[in-house]
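These notes are about the structure you will find just below.
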């Protein structure tokens, strides 16, 4: 690994140093503000190094990692998302009865895991990235240790993650045993070459790898953990799980299994299509009459991954752009939604009961507006990025004639309308005087001071959603540039 | 002769993996569940080493090393969480943890 | 002078607008002056215009005045324009003159009604619509007038809207006539599609060339127009609404349901006679409808208790005569009978109005009686009207017009014995029921006291109409009596003359034919006198006897048409509306919603919250995919 | 060499089966150790001596120790202190004996590894610090994350919760033994050993 | 550039109304009035100045890019919006658009005026929603880029949803969600159809664009064309509403506040008809021809079913809502008849229906403000209490049953004459629908206004403001009844342009009527106007406007 390579992988290095620095400072003086400051500083440096790495020509650094435009784009996305989560968590952690410093360290290591995943072109970096991400998340999920549901969520996540990682390892081993290669290009060649019958072992291997990936993406057969972990984990961590964890893994899936979309009759394609349909249907149906806001968003994220799979299954660069843009839209929307939950949550209970949101339009108009815009974006209504995202996916789907998938997407997103509008109705429609009459439930009292930073972040996110909902061209061009570096057939 | 025995190694790994997964499904004690996960990971490592042996490359063993590291990390956090589990739910039975459903 | 033609309908319309806008600020006299005044002025202008038309007929015996193009859509360009020829002159004169008399009468009759202004508002609108109907130069404008009069008849029938029964009768009238109008509008579509214009004269000319006589299109067009006429002129099968229309005030019955609106059908058929000449079987149907209606209504009139309902059935019967005349292509006879009928029927209704008002709203003729001395003026005018209705020979106008129709029904080119027999029987029955009313109302002992005497403004119209009922017949004397028939020559400029070329033509035209009808009438009067004067109690007992009672009740109810329509049309619609009140299709939509919720319930039950279940589901998913991979 | 492989494989399978089926937790863990030894022997037969050694040192050594510590901490084993009935040693003992025999035989015979070529530690370390150097760094971060995570989860929550507990305990102790509150050594096995930090 | 103003003015006025509303509600109302009257005035100005252009006999020309197919566009604005997907911000206006914009702004103004007293709770946001809907509507009628059309088509949903959900009556939440899902699902299906069309066009010509004028005339297999047409039809049939997809309308109209109902009935459901006229039929003429019989059946069922259901209702507002279903059945008939007469009738019907139903809704809203109920069972004899209201109600009931002399009759007559040339049975059943219309109109009058006054109601008759509104609408309806020519000339070029676009398809030839014995004359009666058989569609030499 030559000296120049260090510059190319400078973002990873920055992401590695930041948690170490935060940890060291925490060892000497435990101050919450300092931890956050360092974290944000580290993330800023990482973002800076992206441009340094971009300027480098040498892309491949050791067979493990390729820092191409695609990787840099997603690392940038992850870094920004982590920064937002960190700011959102600042007020939240203040109210928790646990030491906040480790939280930031774990957050940074998780982001490093994500960055490694995104840049991975080899089983080793793929596996290690995934595991760093998972291990950091175990601790993050159970961060408020005194909460019983956090522990329960962490156990479920840990056991399932462990099991699926085992599947992942075994799958990789099988592929390596048969194909002799562990690099993304090799696997792509295999998949493109058609996993014919003679290479059954390789197909089994890839399927087992998909189990690991499927678990992280929480698509249907592996989606069972999502609602419990979303509900149990603290709100900012849930936001992190829903965005960075899923986004990084999806970016990796796109890079590794790109050619699967070219041959629509292959087993793998049919399997993934079935998973996509099942996710869309189950995700939307499960959320229909759900009363817990975090569980609703959990199920809706399952459905949204189903939509993303449709984009993944569509062939051609247009589909890549669709998936990339939808990911950014999904990031912004989910962060906004969970941001609102975070700001509304108290020390001992997250604001996930419907009664917390009753009449929010009157009590907290700004937060209600942010949540409404986020919900409309999830539903794919115009003026929001969600609309352009859904439109771009439908175009990609129609482009490669995936009519069945597109129709299922359209119909299931209709079911989605019901529970999104149901939340909005709770927020706006109940007249405040009805509220007094009904004796509002223990509406979560919001700690006034801490929420300010969070609200600023939310406002920025909402603006982002609306601006790129109306005029998405610049973002689309950026995603096109990023996706172009992938080896499209 | 060499490849045959290597297939055996893979078969062995598969068997161990299956047993670990079966344990995961049946046993209710959290510690045993963690152990089963370790078994599955170990089987994965074995498969990797076998694959590496076939190609005569060191990659398999390097991957085993990483799997080893991951297993260690997993156990460490797992057991810490197990202790918290015992403290908050007063038992190690995984099925007790069904507060969140629906 | 003819240029003022547009003023005739414009004046009552202006009256209507004035009354609508100034509604609150007008007291009774002002309203009366505007209401009656506008129609009076219109009558005056009509007199001037028609006078100059008669004195110096314009070129082609017709005057066409176009105000503006109503709409111009790719070749379909009807305009708002008026067409005056002999037929419309007659109609305009009758409408405006009789209308004015009735307005005059109403200023007195409706004195104590709190909706006074509203009454004149609707009456003015009615006269305006009727004038537009008869003056329209194209069928679409005619249809506008057609529906306008339908609306006003609804508004006026349900004028006393406090009582829901009146409103029901108004609704029934409007809906039944609307059924007829649907046929008419379908006719309009057919005609426009065939000849590309709805302007009557060019349309008739184009129809003349392009329609093959007797072809399906010709017959269809004629029948559809007949459908419209049947609805408006209350002929079988759409006659059930007219008896109920008596719920309105008497002047309304006089103006709308005797003189003008109900004859709109006759006007329409007369106006589009070319279509009917092209479709002989359509003409046959018109004649059949006429005959059936005149008999059916005649018998019903014979058993009525209510004075106004009896007159209503008699109106249906007389219009049946007009349809019979038109059916046997005696267009001019029908028109002539329209004029004479307008005078004596308006007279009868106005007189009935006075009688009812005098006896404190008592409608039942068996409770009247002996009013000869109490209301002498009404007695004489009513009797003249009844005589004209019965076609008392030589002295009444009814005789001249009805006998002409009876003669035409036999002698004209399409005439035949059946129609003649029907006409004769009808004449006999008409004589019976008209003089039945006279004997029962004015002779015998008195049952109810007379509380109000008719005032002068009520009696003047009565006397004028009585004089007209006598005099108006003389303008068309039958050939065997005298050669004086200026009315026929006047009508020949617009309508084809009656040709007595049937096989019995000679007998029909001769004095002998007339003698038959005259004897029928005289005998009828005699029998009527016998039945209801000396043997009154006997006749009453006979009609109450078990054998006759069901038949009398059947006739009283208008031959069961109402009963049938209620069962066939009204009840199914009401039932469906009640059953499907909250939208059958909605249940389908709710069904889909329920399916979703059921799916949610099952799926969320699957989320047991237990870790091992999660692993099991994941395991099952993996096993499934692996099986597919291995087996495929 | 294949015989060695098969015997080790059989031992591994048997011991893993026993792990899953034993109701007594400690027995299960013992069998797990045996299973790891068996897998180590398999590695040796496959010509990966370095990894075999690692398996024994790290897997059996470190990870199993963690398990035993946890068991001890959670006081789960049939509520008796960590004594293991004599009979329980028989099963694992026999299996380990077999493995020992195999190893001795293998070492003395200098037999050829199954796959023909033996990938020694030297090759592994070349690969490790060649192409996979980034992997090593990432692995180190992985362990760091695990370290911090475990520490946070296991450590006592610093808030007033345990202060309340100590108050309670003080009251309880003063009633019974009249000792000065707040300094009684924590002997409740269920409690966590480490003293809460500052 | 004027076209941009029509969207911007209400869009800008919306937040202003909201902000001002927070301090003083009256200001919000006046901003809303300004937000709707300003574009109305500009539009009227443009209408008059462009009158000559509209009058001129139709010549296949029009401003805008060369690809602009035969049409009478009098102004257009075109800018690329999302270049990579071929989406352009393309607004264009012709006769039909002007009429629809007039309707939008007029009814927007009426909606604001109608809720002058009625709305007291957060007035600012209420007027924000109204102005937002008006801006969305203006966008829909102006946009000629299919994506932009879909964007505005869906964007309008949100404010209307809030209007119903927040300010509605008892079952408002159910009604709002039902309205929202119905329209959104059908909209999404249309989106799939649009995208499929673009993809097919792209694959055929290599150009991926959403510009309607270029997508026109895309050749594709008949079966695919039929499916795509169904996609469009489904969306517009829900909006129209056509028979089986209408169940959202009664709920939405009944539960919406007066302003909401006026906007809904007045303009929102017109988008269905407008969409069919502008996009669906020109894009898939042959598919429309094959689908014609089914559509006519649905329309006729809609007319009669709507009328009978209206008769069956006890809630007055629900009755009026069902009348819209019945009237829109005529529009569906007219669209699928697709000859000049029917199309002119359809455009006229859109305007007259908006006026008559809008007025009825304002009437019922006013009544509800006074006696706090819409149940006709508890009304009766209100004519004695409020004669002026009774008279106006009578007038608009007559308008809704299609009394000649009012605009509705002229529209329905033109439609039925046009339909007669295509299928006799449909025209006759349509005419029978008029009888049913009479039944429900008079039934409503009897139950509410006539009959004995038993419930002891006593309330103020129409206020000056209400008299002004109703007076304007009565004058408009009577004017349209006697002199509809201005509207007809404005729409003439559009109608001829539409016929031109489908001239090459089987839709243009009149269907040979199956009646036996029809003389040869029938075949000679080619489509009423003798539009020159200009086969070549793209012939535009108009310079960039």
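Lettered A, B, C, D and E in written order, each chain numbered from 1.
We take it that a residue touches a chain if its C-beta (ideal position, glycine included) is under 8 Å from a C-beta of that chain, and two chains touch if they have at least 3 such contacts.
Bear in mind that the values here come from a model prediction, so they are computed numbers and not experimental data.
Trainee: Can you give me the shortest step count from chain A to chain D, moving only between touching chains?
Mentor: The distance in steps between these two chains is 1.
Trainee: On the document's contact criterion, could you list the chains that touch chain C and likewise touch chain E?
Mentor: Expected: A.
Trainee: Can you tell me which chain lies farthest from chain B, using the average of the Cα atoms as each chain's centre?
Mentor: Of all chains, C has its centre farthest from that of chain B.
Trainee: Comparing chain centres built from Cα atoms against the global Cα centre, which chain wins on proximity?
Mentor: Per-chain C-alpha centroids compared to the overall one single out E.
Trainee: Pick out whichever of the two, A-E or B-C, is joined by more C-beta pairs in contact.
Mentor: Result: the pair with more contacts is A-E.
Trainee: Sort the other chains by how far their Cα centres are from that of chain A and give me the top one.
Mentor: Farthest chain from chain A, going by C-alpha centroids: C.
Trainee: Could you work out how far the Cα centre of chain C sits from that of chain D, in whole Å?
Mentor: Once rounded, the distance between the two centres reads 107 Å.
Trainee: Using mean CA coordinates as chain centres, what's the chain B-chain E distance in Å?
Mentor: Using C-alpha averages as centres, the distance is 66 Å.
Trainee: Chain B to chain D: how many Å between their CA centres?
Mentor: Roughly 13 Å, centre to centre.
Trainee: From the C-alpha centre of chain A to that of chain C, how far is it in Å?
Mentor: 79
Trainee: Tell me, which residues of chain C touch at least two other chains?
Mentor: Each of 604, 607, 609, 611, 615 in chain C touches at least two other chains.
Trainee: Which residues belonging to chain D are in contact with no fewer than two other chains?
Mentor: 132, 135, 139, 142, 145-146, 149-151, 153
Trainee: Provide the list of chain E residues touching at least two other chains, using ranges where the numbers run on.
Mentor: Chain E, residues with two or more chain partners: not present.
Trainee: What are the touching chain pairs in this one?
Mentor: Touching chain pairs, listed by label, are A-B, A-C, A-D, A-E, B-C, B-D, C-E.
Trainee: Show me the residue ranges of chain D that touch chain B in the complex, using the header's touch definition.
Mentor: Going by the criterion above, the answer is residues 1-2, 5-6, 9, 12-13, 16-17, 19-20, 25, 28-29, 32, 35-36, 39, 42-43, 46-48, 50-51, 54-55, 58-59, 62-63, 66-67, 69-71, 73-74, 76, 113-117, 119, 123-124, 126-128, 132, 135, 139, 142-143, 145-147, 149-151, 153-154, 190, 192.
Trainee: Which positions of chain B touch chain D when the two form their complex?
Mentor: 1-2, 5-6, 8-9, 12, 15-16, 19-20, 22-23, 26-27, 29, 31-32, 34-36, 38-39, 42, 45-46, 49-50, 52-54, 56-62, 64-66, 68-77, 79-84, 86-87, 92
Trainee: Residues of chain C touching chain B in their complex?
Mentor: Against chain B, chain C makes touches at 604-605, 607-612, 615-616, 619.
Trainee: Within their complex, state which residues of chain A touch chain B.
Mentor: My answer: residues 123-124, 127-128, 131, 135, 138-139, 142, 145-146, 148-149, 151-156, 158-159, 162-163, 165-170, 172-174, 176-177, 180, 182, 227-228, 231-232, 290, 295.
Trainee: Please give the residue numbers of chain A that touch chain C in the complex, ascending.
Mentor: Touching chain C: residues 155-156, 159-160, 163-164, 167, 197, 200, 203-204, 207-208, 210-211, 214-215, 220-222, 224-225, 227-228, 267, 270-271, 282, 285-286, 288-290, 415, 418 of chain A.
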